[in-house]
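To keep things simple, chains are lettered A, B, C, D, E and F as they appear, and every chain counts its residues starting from 1.
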Amino acid sequence: MLHIVNKSPFDKNSLESCLSCASDGSAVLLYEDGVYGAIKGSTYAEKLQSAMSNITVYALEPDVKARGIADKVIDGIKLVDYTGFVELTADNEVVNSWL
Amino acid sequence: MKYTIQINEGPYTHQASDSAYNFTKAVLEKGYEVFRVFFYHDGVNNATRLTTPPQDDRNVVNRWSELAAAHDLDLVVCVAAAQRRGIADAEESQRNGKDADNLAPGFRISGLGQLIEGGIISDRLVVFGD
Amino acid sequence: MSSVIKQFLYVNRKAPYGTVYALESLEVVLIGAAFEQDVRLMFMDDGVFQITKGQETTDIGMKNFSPTFGALGDYDVKYMYVCKQSLEERGLTVDDLMDLKWEDEDDDWAEKDSIILVDRAEIKSLMTDADVVLSF
Amino acid sequence: MKYTIQINEGPYTHQASDSAYNFTKAVLEKGYEVFRVFFYHDGVNNATRLTTPPQDDRNVVNRWSELAAAHDLDLVVCVAAAQRRGIADAEESQRNGKDADNLAPGFRISGLGQLIEGGIISDRLVVFGD
Amino acid sequence: MLHIVNKSPFDKNSLESCLSCASDGSAVLLYEDGVYGAIKGSTYAEKLQSAMSNITVYALEPDVKARGIADKVIDGIKLVDYTGFVELTADNEVVNSWL
Amino acid sequence: MSSVIKQFLYVNRKAPYGTVYALESLEVVLIGAAFEQDVRLMFMDDGVFQITKGQETTDIGMKNFSPTFGALGDYDVKYMYVCKQSLEERGLTVDDLMDLKWEDEDDDWAEKDSIILVDRAEIKSLMTDADVVLSF
C-alpha cells in the first residue's frame, strides 16, 4: 500500500497518524507541504527515521526543490519526480491519501 | 493501468489542483489511461471559466480544459458540491432560475455516482485535497 | 460492471461543522450504497467527533447531519470501525457515541451494533484489505 | 466601537463565513458599527449569486446580501483574489473579456487598500479563516 | 489581548502555538473546531488547565453544543454566546486569530 | 486619515506553495506599505519556510515569489521578526534564510539586516505592542 502525505508534520497530525497506521513494507510518499517532514535535524526527523526501518519513504523532488530544502533531506529518503509518483501508484494496489 | 483522480480543493488556494494536474500529465505520459477526473468539495471551483489569474501566473482552469481537449479526458464536476458553491452550466443555471452560468469548456456536471463508478472501474483511485 | 464487487473503505479523519468534509463524505457513502459494493467506514483522529451523540446545531445555524449516520444501516452500511486510541486521546468513550445499529436479515432481523472499536493493528489490516480507500 | 471583519474562506467548505455572519449580527445587535466586511482569499467565493444550496440548508450568500441591505453594510470583495477565483461583476467581466458575471447583490469589488483602510479606521479588526 | 482559536488541538498546532505566545492576563476564546480543546480528560486538557493559571479561557457555547460536548467542558472555562464573543473583542484592544 | 499611524503586525504562520496564504499575505503587505503605517512582519511556525533561500519552483509550475521579500526594504518594510524556536524545531538556522536588507536613510543609506531573531518572550511583547494583527 502507498500512503501519500501532503501536510507539514509541524502543523498537522497527518504524517504522525499515517506512520502509526502504515503496515511493515508499505511505502510513504511526502509531497506538497508534506516534504517538510523530510528535513534532517528537525524535531520530527528522529520519528521518521525510526519508522524507516519498516517502511520506505519517498519525497517528491519538485516539491522539495520548490521549498529550498533539497540539501537537507534525510539520508535514505528516495527522491522521485511526478513520473516516479505515478510508478509508485502503479506498483502499489491501493493509494491512501492522508489529507 | 486505469486511473480515476479525485480533486477536493479549488484553484490557487491549495496546491491540490496543481499536484493533480502534474500527476495526471505524468499518468498520460506513462501511457496509462485516465478514466475520469472527478472534482468534489471546493474542487468544483476549478471548473469556472470566469477565472483571470495574473499574467505571470499559471491558468489552472485553462490547463485542465486544454489537457481534456488534447487527451479526451472526462472531467466531471459533482452537481451537489457545485450547487453549494455556485458552479453551473447553462442547463443547471436555467433549472435553478439563475441568469448566468460559468462552467468552463471540457467539464461536465454530473452526480456522485460517477466517483463511485470511477472507484469500481479503475485500477487506482488517487485523491488530492487538503 | 455489476459483477465487480470491491471493498470500499471510507476513512473519516475530520471533525464535523468546522469544515464540510464530514457532511460531503456522508453524501458519497449514501450514493455509493446503491452500487452494492462492500462498504466499510472508519472513524479515526478527529473523525470520531462525527458520531458523538447530543449534537445540537441550532445556535450555529447549520444543519445537524449526525442523525443520518443512524440511517446507514438501512442502506446496508453495517461496519463502522472506530479507533480506540483516537477516542481515548480525546477524553471520549464509546458511550459518548451514537448508538448505531443495523438489522441482520440472516438472523431474524436482529439489531446489531454497527460500531466496532479497533486498535491500530486492526486498522492496519482494514487498510490492507481494502480495494479502494476514499479519505476525507 | 467600529469593526472591520475579514473573511478568508468560501461558503460551506469552512465554518469561517458562518462564524463571521453570526459575529457580525451580534456586533450590530450590540449597537456597534460595522465599518466594512472584507472578503479575501477563498472568502471571495461568498459573493457569487449562482449558489443554490439544498432546500434544508442555509443560504450563506443570500444571508450576507440581506444583512447588507438591512444594515447598509459595505461588503468588499478583493479584486485580485476574485480574479484568481472567477468572481466578477459586469464591469470586471467585460474588462477581462468574459461572457458572464456572477457577483451577488450587496457586494462590491475593490482593492486590498480597502482592508488596510479598515484596519486604520476601525477600532477592531477580526479575522475569520482557516 | 484576545486570542481566538478555531482549530482542534488534536489536528493542528494552533492552540499550542497560541498558548506559548499569550501574555499573562490575556484571554483565549475557543470557537469552531477549537472547542474540542475544552474537553476534560483529553490528552490536551492538562496543558490547557496549566495555562489557565495565567490566562482566561472562554469557549463559544453554540459551537460546544453543536459538537455534543456541552457536558464535558473543563471546569473554569467560561462559556459565551456570540454576544459574549463580541463583548470580548470590545473589552480587548487587539484580536489575534490563530488560523 | 493620514494623521493616524497604527502599528500593523503581520503574523505569518503558514508554509508557501502548499497553500496561497503566504503569497496573498505578501500582496497585502505590498499594498499596505503605501499607507505609511508602522509595519512589522513576523514569521513563526511553518511561516519561517516562506523566507528560506534557494526556492526553485519551475518543476511544480508555480511562481517563485520569495524574491519579493527581498524588495520589501524598498517599500519601507524593515522589520521581519523570525521565531528562533520555530527555526530550531524545523532543523533550520538563520543561514538557511534569505539575506534580507533595508537601507537606512538616516545612516548614509547603510544596508541593515531586516531579519531579527526573537524568542517567545519577545513575540509576546511584539503582539502586545501591535494595534492591528493580521494573521495568515
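Rule of thumb we're sticking to: a contact is a pair of C-beta atoms (placed from the backbone, for glycine too) under 8 Å apart; a residue touches a chain by one contact, two chains touch by 3 or more.
Fair warning: this is a prediction, and the values are worked out from it, not measured in the lab.
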item	value
Intersection of contact partners for subunit D and subunit F	B, E
Label of the chain whose CA centroid is most distant from the centroid of subunit A	D
Same-residue or different-residue interface between subunit B and subunit D, half as cut-off	same
Per Cα centroids, the chain farthest from subunit E	B
Chain pair that, of all pairs, has the most C-beta pairs in contact	B-D
Centre distance in Å when subunit A and subunit F are each reduced to the mean of their C-alpha atoms	28
Chain centre separation (subunit B, subunit D; CA means) in Å	26
For subunit A paired with subunit E, centre-to-centre distance based on mean C-alpha positions, whole Å	33
Residues of subunit E whose C-beta touches two or more other chains	6, 10-11, 13, 32-33, 62, 81, 95, 97, 99
Numbers and ranges of subunit B residues touching at least 2 other chains	8, 12-13, 15, 19, 22, 41, 57, 80, 84, 125, 127, 129-130
Multi-partner residues of subunit C (each touching 2 or more other chains)	14, 17-20, 45, 60, 62, 132-133, 135
Pairwise chain contacts under the document criterion	A-B, A-C, A-E, A-F, B-C, B-D, B-F, C-D, C-E, D-E, D-F, E-F
Of subunit B, residues touching subunit F in the complex	12-15, 18-19, 21-22, 56-58, 130
Residue ranges of subunit F touching subunit D (in the complex, touch as defined)	1, 4, 6, 8, 20-21, 24, 27-28, 31-32, 34-35, 37, 132-135
Of all residues in subunit A, those that touch subunit F in their complex	6-8, 10-11, 32-33, 36, 39-43, 45, 61-63, 65-72, 81
Subunit E residues touching subunit D - in the complex, by the definition given at the top	4, 6, 31-33, 62, 81-83, 85-87, 89-90, 95, 97, 99
Interface residues, subunit D side, partner subunit E - complex	1, 3, 8, 15-16, 19, 22-23, 25-27, 29-30, 32, 124-130
